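Below you'll find a set of structures to go through.
Shared between the two complexes below is subunit A, which pairs with subunit B and subunit C, respectively.
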Partner chain A sequence: MAVHVDVAMVRQVAKLAKLSLTDAELPDVARDLERVLELVAVLDEVDVQGVAPLVHPHELGLLPRADVPKPGLTQVQALANAPAQEDGYFLTPRVIG
Partner chain B sequence: MSAFEAVIGLEVHAQLLTRTKIFCSCEVAIGGEPNSRTCPVCLGLPGALPVLNAEVVHLAVRAGLGTGCTVQLTSVFARKNYFYPDLPKGYQITQAELPICLDGQLLLDDGKVARIQRIHLEEDAGKSIHGESGTRVDLNRAGTPLVEIVGHPDLRTPDEAVSYLRELRGILVTLGVCDGNMEEGSLRCDANVSMRLVGQAAFGTRVEVKNMNSFRSVRDAIAYEMTRQVGVIADGLAVKQETRLWNMDLARTESMRSKEEAADYRYFPDPDLPPLHLDRIWLENQRANLPELPAARKDRYARELSLDRNTANWLCEEPPRADAFDRTVANAPELAGSFATFLMSQVQGQLQRHERPWSDVAEAMPTLLRICGKWRAGQLSNRMLAEVLQAGFGDSARTLGAALALAEAEAGAVVSDDAALEPVVDAVLGQFSNEVSKYRAGQKQLIGFFVGQAMRQLAGKADAKALAALLIRKLEG
Partner chain C sequence: MTATAHLQACLAEIAARDGRIAAFLHVDEVAALARARELDAQTQAHGPLHGLTIAVKDNIAVAGQPMTAGSRMLAGYAPPRDATVVARLLAAGAVLVGKTNMDEFGMGSSTELSGFVPTRNPLDLTRVPGGSSGGSAAAVAAGMAWAALGTDTGGSIRQPAAFCGLAGLKPTYGRVSRSGVVAYASSLDQVGPLARTVRDVARVYAVIAGRDPLDATSVDVPLEPVSWREDLGGLRIGVAREHLDAADGLDRQVKARIEQALAELRARGATLVSVSLPHTRHAIAAYYLVATAEASANLSRYDGLRYGQRTANPPTLDALYTHSRADALGKEVQRRILLGTFALSAGFQDDFYQKACRVRRRIAEDFSHAWQRCDVLLGPISPVAPWKLGEKIADPLAMYLMDAFTVAPSLAGVPALAVPVGRDAQHLPIGAQLIGQPFAEATLLAVGDVLQRAFTPEAA
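Let's look at the complex of A and B:
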């Protein structure tokens, strides 16, 4: 069963993904997304009754490491690619009052 | 108000006592230069992959076992997606459908059992500091390991919520899972609060209250929120589902400006992290090696030392305090009860007066036990005890143990032999002949007056029992 994607849904998804789409672009994106979902909808035909959900394709589980500190980056290195910085901090536009 | 009851559930975040972050080997510490403890993993640089810290698993399992949870042999990490400057990857790694622990419970002071829904592992975000020039971000804290302990909405009063939090904190500190420091934020508590009519089964609209950094704040914020919601309902309005922040200075909760309209975190399993499998035998070993937990310790104090609930609670509130107490009274079990009361009433007051931390006391415990023993045996009068404690706790030039021992030596011994007491007693009886007549006419309660007068003459350094005995002999003989 393919899902119907409307403009409002695209607007919501774009907002969550911090994408700026113009109103003119919305119908095209809606159509594209609908086609993607149609493609994936093939999977709905598989009978998965009694099959446990698979969260990861690997058989192997996590291999934890020992709790031993190792040196990381210096402050200068950490900030090297930041578009803006101030007194050793990353600086972003003011987020909240 | 009485027609309504509150439905309260707590979500507690506890910072795990590890040396390194949850998914990278950067050190976890307080202070230092901003952005001085980071690496490509916790900065969220492209291509960097998380590797789980084994100690994080160990501590989360201890937290689960200590709270009666079922530890899951398989758990899964998931991504919680949202954008905020202090979350470099654009998602937080947490656990969603398959957390590490499920279904625990805590025993509250009033005997009620409050259920724990789940405990899951997650990483902390960085710190944002909002200023004039913009928002400053420090990522030293990003990736610090946390457990979130989610309680069922089983609590009904602010006191129950505090009792739940105290019990939980005691367990986490005892197990070395978390240092339990609420002021510094290593233990953080959010409360979901809603009101409903007594007898009603459905829940009302809930409000999430954040920013409570002490037990007192938790109690006050929940009490405030209950009153506020009842007021809203009484005005014929609907309680709005929202997040509110506790403002301690103004003693009220305030609506938080929402970051985004409807939270839609789009959780999905993190493809970078395969499932976490625990070994059953390892898990049973963990269970077998848990230390005595606060609830068992309180029972033991009641059963073996006959401590009242209040004193037992107070000792167990800070597990290191109870540890030091246990060590100290191991060789003097007959003094345990009076020593516990002595610590709670006398020593606690001195610490507050001199603004000293409890850790000072651990070292001085043997000296305090000796002083308490002398006091109980009448070898130190009340006044001498007060002076010794005052001098000892006020002396910051040496360790508390040494300072107390010095003050104890300077206080000397109490005067208890009749030969020394008799002249003073005679003088007092001579001076207050009226009272002597009244006493002899039946006003026996005047004995306290005579003891007080004689004690004053002796600068408080007399054995009160010996003094009373001598006075009675003189008055009635």
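Let's look at the complex of A and C:
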């Protein structure tokens, strides 16, 4: 399926992807995305009428482990890689005025 | 040879050449030497890999060593524990040399897209080592480690193995635990070994494979021991016309090496069977939609909050997310996140992600049909020999097309093995790809060993 990708679409996709793009970057990204979509248009050749999507090689399902409690990371370990923390919490900017 | 002497030889190579090759992102000499001395002091062998040096791709966690997955996003990250595969290597007596360079989060085919430094091919420093496990391949090819672990989502073990003249195995999906491995595309990612010989690959594979309760996608299928063979009587090797005579963009010299490989296998008793994999030309498109869709979800964890880079003084929570990600993720990673987000977005999901998954089933069926006529398939890995650094960097799509032969087995979840089959006229290494039936790694390795020894008799 051929899709024309415009700047507004890229802005919306970037918003969903949580990536801040500058206005100057948008036209290049749009062109890039449109080129990839031209490449994937080859899929239109395949007759997939009635074919169920294969989303995972193991269709038999996953093998969960036994539900037995065991020690995980300590609070110190869990916070060790946080770029900002305070009093044992991950620190975010203020979210409520 | 003692573990210490073996390690020291590797460290000497690293000191002499890695400033130029850049196979490693991190080497902890002190810890590695302490480990080797500890093994040498033991009176009994610690395990099947006693004293053997192994390099680990930097998207696989080793406790006490930094892990970046080739991304500036994870600069300074310290994993709290070993990946299951690393724990198994250590239990088997291996000495870990260090963490190897890679395309950022595994997204690339040349290791030029590392967030830190491009890796060079030790066999020709003007050329790429392949990717994304290019650092692992370069480390082994340069004698800096006996073997290495890589990860393969769409060819990232097989193609660098081929480019550096090595053997490399992408196991069946579910064979090897991914617990402690940085996720790229979870329905495709597998961990596997690279080494000089198929037999060495088999030794590492036997240690890392098997069910792990920490990875719900790892399966409980018994591991068959490999029966090494001298002849291939009774074995049917499938040759897909889409991999050879009807292959798009296949270099003449690569084709000649694959034909030579087929002739060698026939000379050793195998029967060649012509088959068709009709959806080969659709595999790249299906792969890039599936892999990027999954990546867009997996990489949402890099939020600047719990680990990874955080933008300075974000005014809002949303700015913390969007600026941290835009600042620290590379352009190719952002490109793939955007494509994957688009493919999953409302209004486009049916035409892109869902469509790709339907074609993915067609691709898997191509292989099921082939298995009715043959035991393994043989074809190319890369359509061309290793290219020059910079040659394909400007056009991401041209780079994607280099994965044409490796992505289909990944989508189908079947195992595939890179085997070196000689050099081209410029003396660049060429690899062949053996593709096997699900969980039939033992057959794949046995055939690969015969094939490698046909070209290099000393590779036993």
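Just so we're on the same page, the second predicted complex is superposed on the first by the 93 of 97 C-alpha atoms of A that agree within 3 Å, B and C clash if a C-alpha of one lies under 4 Å from a C-alpha of the other, contacts with A are read in each partner's own complex, and residues count from 1 in each chain.
Here, contacts are C-beta pairs under 8 Å (C-beta built on N, C-alpha and C of every residue); 3 or more make two chains touch, one makes a residue touch a chain.
Since the structure is predicted, the reported quantities are computational estimates derived from the model, not experimental observations.
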Subunit B versus subunit C as contact partner of A:Val36, first or second or both or neither: second
Touched partner set for A:Lys70, first subunit B, second subunit C, both or neither: first
First (subunit B), second (subunit C), both or neither touched by A:Ala84: both
Touched partner set for A:Thr92, first subunit B, second subunit C, both or neither: both
First (subunit B), second (subunit C), both or neither touched by A:Val55: both
When both partners are placed on the shared chain, which of subunit B and subunit C touches more of subunit A: C
First (subunit B), second (subunit C), both or neither touched by A:Lys18: both
Subunit A positions touched by subunit B in one structure and by subunit C in the second: 12, 16, 18, 55-56, 58, 62-66, 73, 84, 90, 92-93, 95
In the complex with subunit C, residue positions of subunit A that touch it: 1, 3, 9-10, 12-14, 16-21, 29, 32-33, 35-37, 39-43, 45-46, 48, 51-58, 62-66, 73, 77, 80-84, 90, 92-93, 95
For the subunit B and subunit A complex, residues of the former touching the latter: 18-20, 24-27, 33-40, 42-43, 51-57, 74, 76, 81, 83-85, 98, 128-139, 257, 259, 264, 266, 269, 271, 273-277
Parts of subunit A lying in touch with subunit B, wherever the complex brings them together: 12, 16, 18, 55-56, 58, 60-70, 72-75, 78-79, 84, 86-97
Residues of subunit C touching subunit A in the complex: 76-78, 80, 173-174, 187, 211, 213-214, 216-220, 279, 281-282, 284-286, 288-289, 296, 300, 303-310, 314-323, 325-326, 329, 334-335, 337-339, 341-342, 345, 348, 351-352, 354-362, 364, 396-397, 400, 411-413
